[in-house]
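Have a look at these structures, which come just after this line.
Each of the next two complexes has chain A plus one more chain, namely chain B in the first and chain C in the second.
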Partner chain A sequence: MSGATRRTSKNRRSVQGSKTALYWMSAPALALYAFLFLFPVLSNFRYALMKWDGIDEGEFVGLANFKKLATDDDLATKVLGNNIEFMFWVVIFQTTLALLFATYLVKNSRASLFFRTLFFFPTILSSVSVAMIWLFLYDPNYGAINTTLIRLGLDSFALNWLGSETSALYAIIFVQVWFHTGQMMVIYIAGLQQIPAELYEAANVDGASRWQQFKSVTWPMALPTSAVVVAYTTIQSFRAFDLVYATTQGGPNNTTSILTTMIFQTAFNEFRFGYAASQSIIMIIMIFLITGLQRRILRTRY
Partner chain B sequence: MMYKITRWIALSFFSLLILIPSTMVLLGSFKTDLEIYDSPMALPVKWTLDNYQRLLDDGDILINFKNSVIVTFFSVAITLLLASMVSFAIARLMNVTGRVLFVLFALGLAIPGQVNIIPIYLLFSDLGLTNTFHGLIAVNIVATLPISVFILTSFFRELPNEMYEVASIDGASHLRVFRSIAVPLSRPALGATAIFLFVICWNDLLFPLLLITESAKKTLPLAMLDYRGEYATSFSMIFTAVMVASIPMVVMYLAMQKSFVAGLTAGAVKG
Partner chain C sequence: MKTKGTKSFSMGRLGAVAAVAFALVATTVPSAFSAGEVFGKSCTTEGVSTGTSSSSLICAPGANGKLTWARVRLGSAYGAPVAALTAGAGSIEFHHWRGAEDGKIFDEIIALFEARNPGAKIKQVTMPSGDYTNLAFSRIRSNPKAAVYATFRGAQFAQFAKGDMMTDLKNERFTKQNVIATGLTAGQYEGKQLGIPLHYLFNNPVYNTEIFAKEKWTPPTNFTGLLAWCKAARTAGYTPIAWSGGFRPNAGQMLNSMLMNSAPDYATLKQRIEDIDTGKADLQTAWFKDMAGRYKKMADANCFPDNATGVTDAAALNLFATGKSPVLPTGSFSMGAVKVLNPSMTGKMQLFSLITTDEKPQYVGIQNNTFILSVNKNSSGRDQKIARSFISFLMTGEIASIYANGTSQHVNVLNVTYTNQDLINTSIWQSKKTLLAPRFLWLNQGVRDLMEDSLIAIVGGKPIDATLEDYSKQIKQKLG
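So, the complex of A and B:
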């Protein structure tokens, strides 16, 4: 007992004595991170209060940018709606499919491994490559989807997928789900493999059907994993800039524009840097609100 | 029985959804535009490397490729070095400072770096860092630090405490413990993180788009946007560019599937 306390106190002293080394080890990362992440986040707040084309002297306008955003900017309202719709459907479809495939492929067999490898494959491609592939598939004149539909005599279903205001956002949602479902499936598989086999055996003895097993064992036991998947998918859908920019650049008529593409356009097409910064602030607030809300919902569920 | 049938239908459907487009791109890179539009799934009438030859002759794809290699390599290497040091410090500093450091980096996980495009662009224009590789590399490092710190800290925390204690009783300095105990033991975690960072940096479009305008400095994803404009609806050329940009990743994926899957889900699984 006394030996143990002596050892810990001695140990604490030796660790205490050389903490400086640990501080030095964190210094490079922290310096760079402060300079290119923390400081820019704060500058955003300063720029958001300015009217500035990025070249001439900026003009301090107080909260005018935020006032305009909230009351007099139909585009921003539309884009916020797009972003929420995009996020909502991606979360729903991607999580459902990922969980479905994970339950199908949770057992390690040769076939499972093949499907897992295949479903995960899109994850390693770049958004730009994925965009190029789907630009071809969706192409109204030459695309594989429309030529197939026309050959099958289903001409009326052959739409201008990415070019029409009614379908463009959904076409991109489909691609995003195609792109990332495999990754979420793998996270689910890791989660499902932690569920004790006895629970399923007990359910089997009780004569539970597949669906009952899923409802009373898999679903409740997988809730913590679902929380992770939903949070990850949400952040991912806020980061979908690359995919949207490479497919439609936000068009047609801004129906596929999301917050990041709008910020980019406000700054680099319209040269309204202050206004773009205030849009960035709104995006930060949105992310905090939505992830906070999700955490609440998923935590009270189990 | 119903279960088995629906299972096979669902799995086959999604498989085709991935296999068909991938095959079209692979075959398309050996075909003419007409063949692609006419029958995208048919084998090429004549297997030629004409498209690849034309892509090499036409533009800077080799330069873009080299740029991507340079930017990705240095971004990943430096991030790993910086992140492993700070993660080790966070795991060993069992005081307020350690916790504050962790929270600071966790903030970067919650707020995507994309909200910083305006300040970063303005800052880099002021400092003359646009159109430079070191500027782009620095931005990449900062964008990937939070997730790396997150993965590595949880790994260093899981290493048995006795290991550190024995070493410190022997009088080894923190740097020594880091170099000769922590780093060798954390090779799997470092490997997983490296793959994760590699895929992110190689595929990124936003930051190159923000910072690079000179065509001789463009990375592959950025250059591909130009190809799309240049070749307009010539999908044979676009498919060839997709092949060139994806081949390194696909080869690595097929060679080390397990590490890839582990690496690309490490952040989420650990959370």
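So, the complex of A and C:
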């Protein structure tokens, strides 16, 4: 065997050894991931096929939970509708406002930095604090919103914001948008700052107006960022549990219940853990479908 | 045989003699005889009591309707209250939901406990009541260090009991000798004493005596009077009843009073509630519809705040504490929070009979035994010993007095001295004919929530028939 062949063979053994070492090194992280993530997720699938109160031994019921969800649970249907409506308006308003703010605040001037901080500020608050603040503002009899409207002579606009079935969901949508727009604005600013300045210079030379620059340069170039923002906002809308729970607990008459509050209620209030597991699987599927659809729509455009 | 008979005589008679002797001592000291107040003898003024301890006498109607001196204390003890058990060294957690209200007092009590039991450490772990209802079970079940914890009477206690997470305290001397016997029922499950309810509270509305005196009102004694009073209070510029329709847990407290005189007897009421809870009957049943109608009548009489379904518990508490509303329909447990908002309310609160019948009421108020303290069965023997010792510590007159007066909360413990003015003022309710809070007979929280939501919706202006039909369908689907 020549020296070169021996070296190659040794190298191969060395590479092989390195690979084995790498596998071993990642093993603890993989084990933790499997224990903390894979195991609970797979267990959830198992529980979804059971009637289980969290205390006794569960009873295997096959797909009965899913069948009930699809055919005999008006509340679940209503809550799914609420969540889709909640997500729809939050995605529309939050994305639009975030892009609008980012477009105006993309330059690193002092004024921009001030307004970026101002708009980002709600994001650093805890959702329960936000809920408490807005509960006071929305109080139908003494809250600042209705008091101001009444002082301005706009009595007919002073609503029972969180206590009425017609306005409660929209009142929470407004808070959600207020709460998270600043966060999305920062993501957009990071995206917009990547757009080469030459493109705007060329557009200027061609005599493009600001709107034309936005339509032909900013928007197409910001589409990859928009895909991230829209996907993130969608998931956030499905996870707005704490805000809803701290403001209305899903009321009145479940008009503000979303999937996460319903799952929590089913599991921890009614102790129907099996049924809650099946609801959570439906939620996961919904998120997959909606974000997949959004990505497909946005991808066709960039 | 003779020996056995003698022994049997000695044990039985000795117990009886001790019980009688203790009863005499406990019910007469310090001033009962000297002032002429004797247990069982007639008296003239209802509500007058011989003192402020739980062993005092109180003038109350007897079984025959005549006013007689009765015991405030209702213990079934076989001896005088015992001292607290000794704890070993170690550290445990105490889980409960009253951090905001009782956290400081419990800190003081725990400091005393630790000083008297060197080496023992207790850490309070608290959550708001709503979160506690939902999360306590899973958190405590997975945490053996949570050696002592509190549960709500009803669904939560039943859940923990069913989960086999509580040790039996039936044979503890402090259970038998330090606790008011009737209060123990709420902590019993399948013949075991799985918890000791610390609180003896009244889920009656609280009213502002100063406003009532100023407006020359007296609490109404029937439903017609209640509706008329609501209209009068509204005319006088008040929000008659500060009901928080935007926060179900407190909005539901008024349900106790609404149910109070809705059935011919307690057994019937219990059966009716169980029927709804288990799906044998729905909300469209005649008695429930009648009760829902009374909510509607109260709403029509302007008893509740404007936009009642959007009023939060904080807003309702503020309405009452600032004098904008003379009645807060929650319970005696709210008095402490009212005084935090407005200390000048001290001594100006009394409990209100919310009578919703025009016939002679069977009950004039609601009583509840809750904050049920238990020892975690999953904890180690050493930790259970500390937990048991801590519960026994809380069940001594000395410590229970600190707790009661510091939190404006009546307790289920014997020989407690109430010095808190609001507790003294409302002690009379211990002798009135009160019903054990029926709201907690609903053991299915999901059903109870929907049932309470239906009543909130009706107050909010929804038609009774359609609302009850809609919610009945939701309950049926939930139970199906």
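Just so we're on the same page, the second predicted complex is superposed on the first by the 275 of 302 C-alpha atoms of A that agree within 3 Å, B and C clash if a C-alpha of one lies under 4 Å from a C-alpha of the other, contacts with A are read in each partner's own complex, and residues count from 1 in each chain.
Heads up, the rule we're going with is that contacts are C-beta pairs under 8 Å (C-beta built on N, C-alpha and C of every residue); 3 or more make two chains touch, one makes a residue touch a chain.
Quantities reported herein were computed from a predicted structural model and do not represent experimental measurements.
Contacts of A:271 after superposition on the shared chain: chain C is touched, whereas chain B is not.
In the superposition on chain A, A:160 makes contact with chain C only, not with chain B.
Using the contact criterion defined above for the overlaid structures, shared-chain residue A:123 touches chain B, although it does not reach chain C.
Legend: residue contacts after superposition of the two complexes on their common chain; A:194 is shown touching neither chain B nor chain C. Of the two partner chains placed by the overlay, neither chain B nor chain C lies in contact with A:96. Set against each other, chain B and chain C touch different numbers of residues in chain A, with B touching more. When the two complexes are overlaid on their common chain A, residue A:44 makes contact with chain B while staying clear of chain C. Legend: residue contacts after superposition of the two complexes on their common chain; A:212 is shown touching neither chain B nor chain C. After overlaying the two complexes on the shared chain, residue contacts for A:72 are found with chain C alone; chain B is out of touch.
Within the superposed three-chain model, A:252 lies in touch with chain C and out of touch with chain B [touch as defined at top].
Looking at chain A, you'll find residues 54, 135-136, 139, 142, 264, 268 touch chain B in one structure and chain C in the other. The residues of chain C lying in touch with chain A in their complex are 130, 133-135, 137-138, 159, 162-163, 245-248, 305-312, 314-315, 318, 444-446, 449, 453, 456-457, 460, 473-474, 477-478, 480.
Chain A contributes residues 54-55, 68, 72-75, 135-136, 138-142, 160-164, 248-249, 251-254, 264-266, 268-272 to its touches with chain C in the complex.
Interface residues of chain A facing chain B in the complex, by the touch rule stated above, are 10-11, 14-15, 18-19, 21-23, 25-26, 28-30, 32-33, 36-41, 43-44, 47, 54, 97, 100-101, 104-105, 115-129, 132-137, 139, 142, 144, 147, 178, 181, 183, 186-187, 190, 210, 228-229, 231-232, 235, 238-239, 241-242, 245-246, 260, 263-264, 267-268, 273, 276-277, 280-281, 283-284, 287-288, 291. Chain B contributes residues 3, 7, 10-11, 14-15, 17-22, 24-25, 28, 36-37, 40, 82-83, 85-86, 88-90, 92-93, 97, 101, 104-105, 107-108, 110-123, 125, 138-139, 141-142, 145, 149, 165, 168-169, 173-175, 178, 199, 202-206, 209, 220-221, 224-225, 228, 233, 235, 238-239, 241-242, 245-246, 249-250, 253, 257, 260-261, 264-265, 268-269, 271 to its touches with chain A in the complex.
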